[in-house]
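Below is one structure. I have some questions about it.
Note that the chains take the letters A, B, C, D, E, F, G and H in the order they are written out, and that residue 1 is the start of every chain.
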Amino acid sequence: MTLKIYLSGEIHTDWREQIIEGAQALDVTFNSPVTDHGASDDCGVAILGAEPDKYWHDRKGAQINAIRTRKGIEGADVVVVRFGEQYKQWNAAFDAGYAAALGKSLIILHGAEHDHPLKEVDAAALAVAREPRQVVEILRYVLNGTLPG
Amino acid sequence: MTLKIYLSGEIHTDWREQIIEGAQALDVTFNSPVTDHGASDDCGVAILGAEPDKYWHDRKGAQINAIRTRKGIEGADVVVVRFGEQYKQWNAAFDAGYAAALGKSLIILHGAEHDHPLKEVDAAALAVAREPRQVVEILRYVLNGTLPG
Amino acid sequence: MTLKIYLSGEIHTDWREQIIEGAQALDVTFNSPVTDHGASDDCGVAILGAEPDKYWHDRKGAQINAIRTRKGIEGADVVVVRFGEQYKQWNAAFDAGYAAALGKSLIILHGAEHDHPLKEVDAAALAVAREPRQVVEILRYVLNGTLPG
Amino acid sequence: MTLKIYLSGEIHTDWREQIIEGAQALDVTFNSPVTDHGASDDCGVAILGAEPDKYWHDRKGAQINAIRTRKGIEGADVVVVRFGEQYKQWNAAFDAGYAAALGKSLIILHGAEHDHPLKEVDAAALAVAREPRQVVEILRYVLNGTLPG
Amino acid sequence: MTLKIYLSGEIHTDWREQIIEGAQALDVTFNSPVTDHGASDDCGVAILGAEPDKYWHDRKGAQINAIRTRKGIEGADVVVVRFGEQYKQWNAAFDAGYAAALGKSLIILHGAEHDHPLKEVDAAALAVAREPRQVVEILRYVLNGTLPG
Amino acid sequence: MTLKIYLSGEIHTDWREQIIEGAQALDVTFNSPVTDHGASDDCGVAILGAEPDKYWHDRKGAQINAIRTRKGIEGADVVVVRFGEQYKQWNAAFDAGYAAALGKSLIILHGAEHDHPLKEVDAAALAVAREPRQVVEILRYVLNGTLPG
Amino acid sequence: MTLKIYLSGEIHTDWREQIIEGAQALDVTFNSPVTDHGASDDCGVAILGAEPDKYWHDRKGAQINAIRTRKGIEGADVVVVRFGEQYKQWNAAFDAGYAAALGKSLIILHGAEHDHPLKEVDAAALAVAREPRQVVEILRYVLNGTLPG
Amino acid sequence: MTLKIYLSGEIHTDWREQIIEGAQALDVTFNSPVTDHGASDDCGVAILGAEPDKYWHDRKGAQINAIRTRKGIEGADVVVVRFGEQYKQWNAAFDAGYAAALGKSLIILHGAEHDHPLKEVDAAALAVAREPRQVVEILRYVLNGTLPG
C-alpha cells in the first residue's frame, strides 16, 4: 500500500520538509502547491502576458496554480492542511473543503490558538495534529501499524 | 426554473436579508447556516451533553451544524459565500471549496481589500460581487434575462 | 428545507414512534424498514414460494427487504441508526456503513455500554445520541436553529 | 488481471494468514486493518495526546484507523469480511455496508450459526464462504478459471 | 414513499396491465417503453426520413426509443424486466444490465424454463418472480409491509 | 413522465418558439440560455462593473451566463442543440459536448450542409433533425408513443 | 496509450483467439469471462458446496462469475460483445447494457441475421463488426491511426 | 507527479509537435486524436464496409474516432484545445465541453481574433494561451514551479 499525500497550506515555515524527511522510510508520495511565493503570485502574467489590473493579474495566476492543486488533491489519499500563525490562509481552508467534498482523508495541522475558528474544518478531518512529527507518526501507523515510542 | 441558493459565510451584517428581500419577486429559494452565533457554538453540548474540554465542545457543535450545511450546499444550484471584514472565516472558505468540488456555481461576495488573499477562491467562482445588490442582479438576470437600470 | 430521515436498526422498542411523535411540528419525512419481525423474515417465501433450506428462505426475504432499505437510505438526508441492548444487529451496522459511503449525515443512537464496540461506527457519524429525544432536538435545531430548554 | 483484496473483520484467529498463504501463487494483493488490537485501540492518544474521557480516546483512534480502512476498501476489487464467534463486530458489518455501497464485490466468511443474523449482509454479497480455503478457491477460479480437486 | 417503477421487456402479453391494475391502491408510478411494436420499429424513419438500408432504418428508431428507455430506467427505483417465451429479447437483457450498473433494484419476471439461460441476469436481481401477481405483492410489501393471504 | 428540455444554440431564428409552440400539448418543460444577444454579451459589466479590456468584459459575461447554462443542461433530460447558418457557434458545440459527457439525450438540429463538420457532434446524439417540427415529433413520440401523420 | 479490452459473449467459437492473435503487435490487454462452460456452470457448488435445487446451483455459480465479469468490464476501455448463432445469450446482452451504463466504448460483433433483434444493443455501440478481423482493425486504427490494406 | 495531456483540435499546423518537443524534459505524456485527415474521415468504411450515403459514411468513422477521443480525454489531467484560423472546428469545441463537464483542467489555445466567439469556452478554462510555447511554459511551471526567462 502506497499512500499519496497532498500537503496544502502555509508556505512560510519548513513543516513540509519536516514531514517529508520524517517519512523517508515510508511508502508514501508527496505533492504540494508551488511554494515559491513570488512565482505563485506571478505565474499567470509571466507566462500569459501582463495585466494592468491587479485583480486579473491575480486571477491568471490563481487559475494556473489550480491546475496543480486540483491534480494534487484529486490524486491524493490523504490531504494534510497546515494553518500557520499569519495571513488569512483562505486557500488552505478552500483546499480542505474541496478535499472533504471528494471524500479524501483529511489531517489538519495547527496550533491550539486556532481551535475555535477552525472547528468546522477540524470537524471534517480524521485527525488534528499540532506538530509535523505527529503527521509522520500517523502515516507510519496507517501504513505499518507501529506506534511511536 | 427555480434557483436554489445557499448563503454561506459572514453572520455579523445583514447581507442575507438584503439579498432575500431584493430577490422577493424571483423564483428562488434560500438556505443558510444557523446565524445565531451563540446557538451555533453551543448546539452540541446543549443537546448531547456538556464537555469539560472546549475542543470537544466545539467538535460536537460543528458536527451538528454540518448536517445543515451539507444539506444546504448539496441541494443548491448556486452557493453565495460572503467574506466580511473581521475574523478568520475559515468555515466560509471551507464551504466555498466544498461547493467547488461538487461543481456548484459559486458567487463570492467581498470588498476589494480581500482581493489578493481570496484570489484562489475567486478563481473558482463564476462571479465576484462587491455588494449584495449585485448578487440579486445576477440572480434576476440568470432567471429572467433582465439587466439592471 | 425538508429533511428526509431514515430510521434504521433496532425494532423491539418504540424509539421510532418517540422520534416521529416528537418531530410532528418539524418539516421532516420519515422512512424505515418493515418493523414487523415475522413479515420481514418471511416475505420472500410468502411471495415467491417456500424454500426447504432456511438459508435460501432468509436470502429471498433479505433481498426483498433490500428494495425498501436501499430506497430509504439513498433518498435520505439523515440516517439515524439505533443499536439496542440485544441481538447482533449486524444489519444496523451494515446500513450505517452503506449510508456513510454515500455521504449521508449519520446520527447513531445507543447506550454508553456500547461505546467501545461502536467506536468505528460513531467515528463516521455527525452525532451520537443516547435518547430519541436528543435526535428530535438535533432535527429541530438543524431545521429551525432553536435549542432545547 | 490483478485482484486487489481487502480482508476486513475478525482479528483473533489466523484466517488472514490462511488466505494469504493459500493465495501465494495468485495474482493478488492484500490489505487489511491494523490487527494489533492494542495499537488499534490506542493509536489516537499515543500519537495525538491522551484523553481523560474514554469516549474521545476511542474516537481519536477510530478516526485514524479510518484512514487505513477507507483507503483499503476504496482501492479493493474484492472485500472479504470475516465474522467470528465472539464480540459485536459492528465494524465488520459497517465495512461490509461501506463496500456494498461502493459496488465492491463482497465475500462474507462465517459459520452457519450466524446465517440468520447475517442474512442482510450475505444478501449483498457475491459469495458466502465457511472456510478461508474456500475464499482462496474463489480467488483462484476468478483469476485462472480452475476449480479445486 | 413513492416507488417509481420501470417495466421493461416482453410486449406481447398483458403482464404490464396486470401489474398496473394490481397496484392501483399503491403509491407507485409506472413507466415503460413504447409497446406498439410497429411504431417502435418505424419511429426513426417516420419522423426523420426514410432509409433504404434496413440497418439504418433500425438504428434511427432504436436511438429515438433510447431517449425514453434511458429516462425511464434512470428515473426508476425499481426496474422490472419480463422475459417471455418468444424472440431473442436482447433489449430486455440489455436494459437489465443497464439498470444493474446504475444500482437500481431489479425484479426479473420469467418462467422456470428460462432459469438457466437467465442465471447471470437473475443473479443481479433482488427478486425473481414467475407471475405478475408476485411483482404486485412485492411492491405492496415494500411499500406497506403487508404480505399476501 | 415529464421531459425537461434544454434548447441550446442559435439565437437568430425562431426555432425555439416553433418547438415550444408545437409542444404545447405535451408534458414538457423548456429552458434555454438568455437569447437577448446584447444582454448576454454585456451582463457581466452591467452588473459587476465595466472592464477596459474587451477580453475581461467577455469573461465576466460568459461566466454569469454559465450559471444559467449549467443549471439548464444539468437539469435536463434532453438537450436540443441547433446549429444555424452563420457564426462560429462554438458555444453550441461546447454545450453539446458538456451534455454528452453528462449522459444527456442529445438531439442535434441543423441543415444538411453542416453534416460533415458536425459529424462528431451528431455521432454523440440520439437524433439528428432538420426541422424544429421533427424535434416536436420526437418529443411527442417519446412521451406518448404516437407518430406523425 | 494502452487499451484495456474486455471480450464478452459467445464461448463456442474461437473469435477471442482470433482477436488476441491479430492484436499481438498492439498495445492492448485482454480480459474475458471464464470460457470453460462446465467450470463456469459449476464453480459455485464446486467451491461452496452442492445445492439440491438447480436454481440455487446456478445462482451460486453466476455470482462467483460476476466477480470476474464486473472487474473485467469496470476496468475496460473497450468492451467487445459477440453474439453467435445459438443460445439465448442473455448474459452477453446484459454485459452490453452494464458496459453502456458505465460509459464504456462498445463494439458489437454479430452476423447480419441478428441485426433486427440486436438493434437496441447496436444503437448503444460505437461500432458493429461482422468479423473478428474487423475488431482487430478497429483497435489498430484507434491505437496507431493506420487503416487496413 | 506525471501530467497526462490530451491535445485536441486543429490538425493543419504543427502546434502539437511544438508542444511535445518543448516538453521533452518534463514528466508528461501526450495523447491526441488521429491527425491524418483522410484516415480519420474514412476509417469507418475502410474497416466496416462502404456506405452509399455520405451521412452514414461519416457516422461510422466519427464513432470509431470517438473510441480514441473519449479514452484520451477521460484519462487526461489537462486537455489542451487548439482553435485555428479555418474550418468550423465544432469537434474541438465539443471536446472542450466534454472535458469541462468531466472536471478536467482546460487550456485553450487560439489567436485574439477568436476571443469573442470563444468566450464561453475560454470561461470554462484555467488558461487561454496564444502560442504553443506558452502551453509548454504552463506545463513546466505546474510540474516544476519554474517560470520562463
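Side notes on the structure shown:
Everything that follows uses one rule, which is that contacts are C-beta pairs under 8 Å (C-beta built on N, C-alpha and C of every residue); 3 or more make two chains touch, one makes a residue touch a chain.
Predicted model only: the values in this text are computed from it and were never measured.
Number of steps on the shortest path from subunit D to subunit G, with steps defined by chain touch: 1.
Within the contact network of the assembly, the step distance from subunit C to subunit F comes to 2.
Ranking every chain by how far its Cα centroid lies from the centroid of subunit H, the top place goes to C. The two sequence copies subunit B and subunit C touch through a face in which the numbers common to both fall below half of the numbers used overall. Averaged C-alpha coordinates give centres for subunit C and subunit H that are 49 Å from one another.
Look at where the CA atoms of subunit D average out and do the same for subunit H: the two points lie 44 Å apart. Averaging Cα coordinates per chain places subunit C and subunit D 23 Å apart. For subunit G, residues that reach two or more other chains under the stated contact definition are 63, 66, 103.
The touching residues of subunit B, counted against subunit A in their complex, run 54-55, 58-59, 61-63, 65-66, 69, 83, 87-102, 114-124. On subunit D, the positions that touch subunit G within their shared complex are 1, 3, 77-78, 103, 105, 126-130, 134, 137-138, 141-143, 145-149.
On the subunit E side of its complex with subunit F, the touching residues are 31, 34-36, 39, 42-44, 46-49, 60, 63-64, 66-68, 70-72, 75.
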